[in-house]
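As written, the chain order gives the labels A, B, C and D, with residue 1 at the start of each chain.
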Amino acid sequence: MRTSRLEAFSDGVLAIIITIMVLELEIPHEPTWSGLAESATGFLTYALSFVYVGIYWSNHHHMFQVVEQISGAVLWANLHLLFWLSLLPFTTAWMDETSFEQTPTIVYGLNLLLAAIAYYGLQLTIFAGPGGERLRTALGVDLKGRLSPVIYLVGIALSFLASWPAVAAFVTAALVWLVPDRRVERFLRDERDLA
Amino acid sequence: MRTSRLEAFSDGVLAIIITIMVLELEIPHEPTWSGLAESATGFLTYALSFVYVGIYWSNHHHMFQVVEQISGAVLWANLHLLFWLSLLPFTTAWMDETSFEQTPTIVYGLNLLLAAIAYYGLQLTIFAGPGGERLRTALGVDLKGRLSPVIYLVGIALSFLASWPAVAAFVTAALVWLVPDRRVERFLRDERDLA
Amino acid sequence: MRTSRLEAFSDGVLAIIITIMVLELEIPHEPTWSGLAESATGFLTYALSFVYVGIYWSNHHHMFQVVEQISGAVLWANLHLLFWLSLLPFTTAWMDETSFEQTPTIVYGLNLLLAAIAYYGLQLTIFAGPGGERLRTALGVDLKGRLSPVIYLVGIALSFLASWPAVAAFVTAALVWLVPDRRVERFLRDERDLA
Amino acid sequence: MRTSRLEAFSDGVLAIIITIMVLELEIPHEPTWSGLAESATGFLTYALSFVYVGIYWSNHHHMFQVVEQISGAVLWANLHLLFWLSLLPFTTAWMDETSFEQTPTIVYGLNLLLAAIAYYGLQLTIFAGPGGERLRTALGVDLKGRLSPVIYLVGIALSFLASWPAVAAFVTAALVWLVPDRRVERFLRDERDLA
């Protein structure tokens, strides 16, 4: 099966998730700077979730550059990942509307954790399929992929004390991914050089 | 006519349907676990409709791998399918908001049934067109395609007794499709082997 | 300039327009058939606008199969068309919520008229550009394209008497387009046969 | 890395931004022309933001026709641009709902300014990467790109006096971009002629 249509569909879903979150941003009631300031947390959580969806899109994009054929199992592992990401507008809005109350913050962390697990599951499914060895070699020891769930768990644990350290953990895990990751690019270049 | 733009448009519509359903999920009023629990049925119906749209996307994807040319009739049969699927966010939200009252549950089942009939109509339209014979051979006896409408009808009938068995029927019909279906893949491989 | 990205962007916008209209459909207040019946006009106007966006997508698709190069002017003429189509969810919702009051019905007709004029402007812009002669030959005397605005004007005029004949006119104009139109297909086949 | 998927994702996000703004347009409360007139400013700001997103799409499209390879930095500079553009539905709705109060008008101008800066940052990032020299040659002295932020700043300054001159400035900056810009087309033609 060709990867192009799976990529196009995933791009579509991720583009919509990243964009409809703005519909959950509440328009300030007062036409003033202090009115806008009340929306400030909404703006920050919007930016955080925007960056997360951007990270997943970027990683997804890199991963499927190495994949050449997809099976039905990969297709469903991919939908599983999209499912958890599609809940981000919901968990983001809840955390924001309650101004980072404990439960919504935990739920947001759980959403990030479940998306990370789904992403890991997608990787394993590709590893097990035809050509999976190639991706495994390209990714090597996936340090970041292993670190992220740990940070989310730390964040969830911290949220039992207070919400801000939890949010700080979620921001940290995002920053880790912003550091450029050249594994796939290097792998493709090496492969080309060998050929 | 090329199939690529029809596929791209269908992917776009399905990606939007699958994603905007999250906008119908009501944000819990209380920032507590019991507040979230009240949204639990919404979450389950969201997951169910998400899986259904995923199934249609996957089947659509498989079907059009075998189709090479499309006529105007196929184009409208495809829009007919997208029409019924586009109503899923509406019927899902209604069933959820009323906590599975009888009428909304029947209407949800009817929506699934009408989408299944539209999908069957799309198949027949492709069969009748140029190259249709090829898809007919690839699909063989479409057991699942024939079974699903029966399960929906059983579900609709059950909803006159109670809503939960009806929902169980709708879940069952989805599970049937999750079992991997390798007809198209096998057909394309056999064809390649013969060439 | 390549047409592929203009087609992809237009497909995206049309896919979103056709799908988000469902968000304007009001969930019935009562979980009963009579509650659903109150949403019935909403359902009908939704179906009508769905068909219209489908018609524009189909015509757009056909037209750009014959176009090979696009200029900046075509790009803006295309955005002009998308602008009027993007207002359909708004005018549809207004007409529906007021149960076909006179002014909203006229405004819906005007929206259809302005979209038709924008489509005609897009055709003229392509005619004037490189390779435009080819599209002009393929389309021939565009009877339907000339008839539709007349029907919209008749519908708008009728709405000063009552809304239902106006809506009937809008439905008629849609039905005219559902009759298959093989000009582009025939043109491309003839061209291929000549080569 | 291929540019095609970055273009497809950006097209998706821009298509959604340009279309969901219509969801923020309030349906008039009265089914009359004066009811519609109350929505008139909403309509105008909608048209303005529609044109701006159209301009960014058109410029983005032109720019990436000259770019052949993208690095991770370009990917994030592109997401940065999409982030500011994705806030346009929010700032547009606020400015409209408050009927052009001073603060929301300033915020709208800031949004335009930040998007322009992000676009400039995206250009610089591409210039610095592989093949960047080619885009630099194609764009030449980017007069419009330099002029726009100045006009936005003038608009923001004017909004301290009154809102209408500020909006007039934002409209002017849009009109500057509607004048066709043939740099990229000319560059690609010249290059082809040389080859």
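Note that a residue touches a chain if its C-beta (ideal position, glycine included) is under 8 Å from a C-beta of that chain, and two chains touch if they have at least 3 such contacts.
All of these numbers come straight from a predicted model, not from anything done at the bench.
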Same or different contact residues where chain C meets its copy chain B, judged by the half mark: different
Copies chain A and chain B - rotation angle from C-alpha fit, nearest 5 degrees: 90
Rounded Å distance between chain C and chain D, as computed from the means of their C-alpha atoms: 26
Whole-Å gap separating chain B and chain D, where each centre is the average of the chain's CA atoms: 37
Multi-partner residues of chain C (each touching 2 or more other chains): 8, 12, 15-16, 20, 23
Chain D contact footprint on chain C (complex, rising order): 1-2, 5-6, 8-9, 12-13, 15-17, 20, 23-24, 71-73, 75-76, 79, 82-83, 86-87, 89-90, 93-94, 97-98, 101-104, 107
Residue ranges of chain D in contact with chain C within the complex: 7-8, 11-12, 14-16, 18-20, 22-23, 25, 27-28, 31-33, 35-36, 47, 50-51, 54, 57-58, 61-62, 65, 178, 180-182, 185
